[in-house]
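Two complexes follow with subunit A in common, the first pairing it with subunit B and the second with subunit C.
Moving on, here comes the complex of A and B:
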């Protein structure tokens, strides 16, 4: 993965926090995803303008006392997986429009 | 000169929503009256009007999947045995089908899923019954035991359906409403309503037991059994949101049961 990776939630989803987890449903094919606590943090921080490594450094490493390198590796695998399912957008440039369209219900 | 055939009609009211069904074939209207006997309204007022046109027998195919699409301001619903159009804006629709009453049943189910989605409710593959003023839902896929639970219900339980439960949001709670939609029991439910006490996801096993299901597992278990036909992103979001809200307000439990009357001792 490139150094500058920006992540944004797709607008074609519905999402809702339930306890420590996040439930995400694809609005196009109704597939359901359950994100654990750490994945939920990344999901909620995916505003399209904050680089992934910054999200991991500020939201994951400090909160969960984990080194940046392994945390970033796990995060990259996660966002690539979610992007493959169409519920997260990845780009090497900022995605401000996607980031402002939350598509998240509460 | 064009011959005009006057259609007659009945108003079928499910979940408090009156829908007028008109057809020029009086025999078919009589079939509708018998089929939905406990759900007919004597009022002339109806929220929606559907004109039914009967096609010749033998022209249908039951193999096709249901397709529901929003197109040019109206819903299009079709399967091998029916084709229906419904314009919510002018409250009118048209159904082309054979005289098989189950085709009409399917159209009504679809219409109610669309209407309920806007109101925070849904149709659920579940049997349901009212006991002591509270409704209990028993949900699962075909063969899970929905009809079995209905058959085993004690005399003091009022059966709402053995197949399709009607779940509607009333302010801050969810209620179950009786429906004429039945499964193997071949008997419509009672036209009653009560607040939902619990949703049970069914599993057959060597003993009767109840286990709580929380959070995402509850939502997943619920959504697996929600009837929804429209592949419209907006409606998918509405149903998802309703499912999440439902599990926050109604206990969801796994009911493992032996198929005999003793299981109802746990349902109180």
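Moving on, here comes the complex of A and C:
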């Protein structure tokens, strides 16, 4: 994965927190995912303008006592998987118009 | 229900989250179906702002699956404004419609808004039969055209059929038509009473012979032997079973803001015009009473061989006078399916009624996988992290 990877939530999804997890359904194929607590943190922080490595450093490593390198590796695998299902958007430039749905942040 | 869906439902139940809700946006309709359980007048529907506010409250309360139904949803001029708001709040939106008002423009808009699926009422593969049921000439052609337009946009479409005397010979034709269009198909084998308790529409139910034929159609039920196998009885662990999701993880809101456990369970629990949705969901004495009921509390059903496997609808039992009691319609279904009389029948020392007077009712619930007889929409699922 390239440096300065930006991630944004697709608008073509349904999503809702359930306890400490996040339910996410792809509108393209109705595949349902549940994201665990850590994955949910990345999902919620995917605002299109914060680089993934910064999200991992500030939201994951500080809260879960894990080193940046392995955490970033796991995070990259996660976002690529979600992007393959169309529920996250990846870019090497910021995506300021994305990630604005209210349903997962309010 | 897939494994992941079951896990999600179990977690929602544990957390007390209303993961699924149906809102009827209106009871107005452009069809006049012979079996419909609604009146079609507007007695003071929630306006656009009220519905948007309700959607916000539901999203905050954890509702994920949102069924928008009616009446005919597109009779509301603000339908797309409501839908846009629902998608902004990232609900998984499923629509129920007759499709008559859906043209290419509407189909494209539904696609753009990311609707998960659209259920269209189709009662026959023959226009004259369908139109006679809807009492709307041309409705068959318009509904099928809508289905084709929606499929052309790549949307998931399901034909929802209700088995009744008028179309008893046509359910296989509807399934074939659905396959040709690229849609899925469901068949509800019974007609439900009207919401005001009027049971005259139950005369439309098919006779026992036809019902038994349907229950033994492998194309509908899969493994017939398994589906119709006699019940094994109720063991101790089954006594703690909950009746269904109504009031536990699901609820229904009428066009007037009244909250019920389910569309088929007319136990008024509060009104969102007076009380916040979350407060009704959490504190309603009626909902909490519904939640307190397990199979153990049902005097007749807990002793019944069908107790653990019956499709007993608590709403129908409520309509018969006791939400802890049996639903005679479901006793009838269990009998037609297995040939074993229920405890309720035995206690009343009443043999099942003659086929000509059967009143069979099946819930048309919020979660289709919970009650639909056959051809439930397959759910794909995956788990990440």
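Basically, the second predicted complex is superposed on the first by the 100 of 106 C-alpha atoms of A that agree within 3 Å, B and C clash if a C-alpha of one lies under 4 Å from a C-alpha of the other, contacts with A are read in each partner's own complex, and residues count from 1 in each chain.
The criterion applied here is as follows: a contact is a pair of C-beta atoms (placed from the backbone, for glycine too) under 8 Å apart; a residue touches a chain by one contact, two chains touch by 3 or more.
These numbers come from a predicted model, not from an experiment.
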By residue count, which of the two partners contacts subunit A more extensively, subunit B or subunit C?
C
Quick check on the superposed pair: does A:58 touch subunit B, subunit C, both, or neither? Answer first, second, both or neither.
neither
Name the contact category of A:18: first (subunit B only), second (subunit C only), both, or neither.
both
Between subunit B (first) and subunit C (second), which does A:31 come into contact with in this model arrangement: first, second, both, or neither?
second
Check the residue A:4 against both partner chains and state whether it touches subunit B (first), subunit C (second), both, or neither.
neither
In subunit A, both subunit B and subunit C touch residues 12, 14, 16, 18-19, 21, 23, 25, 27, 30, 32, 34
Show which residues of subunit A lie in contact with subunit B when the two form their complex.
12, 14, 16, 18-19, 21, 23, 25-28, 30, 32, 34, 105
Which residues, counting only subunit B, touch subunit A once they are in their complex?
214-216, 219-220, 223, 228, 231, 233-234, 236-237, 240-241, 244, 247
Subunit C contacts subunit A in the complex at 2, 4-5, 7-8, 11-12, 15, 17, 19, 59-60, 62-64, 87-93, 114-117, 156, 379-385
Going by the contact rule set out above, which residues of subunit A touch subunit C in the complex?
11-19, 21, 23, 25, 27, 29-36, 38-39, 78, 81-82, 85, 101-104, 106
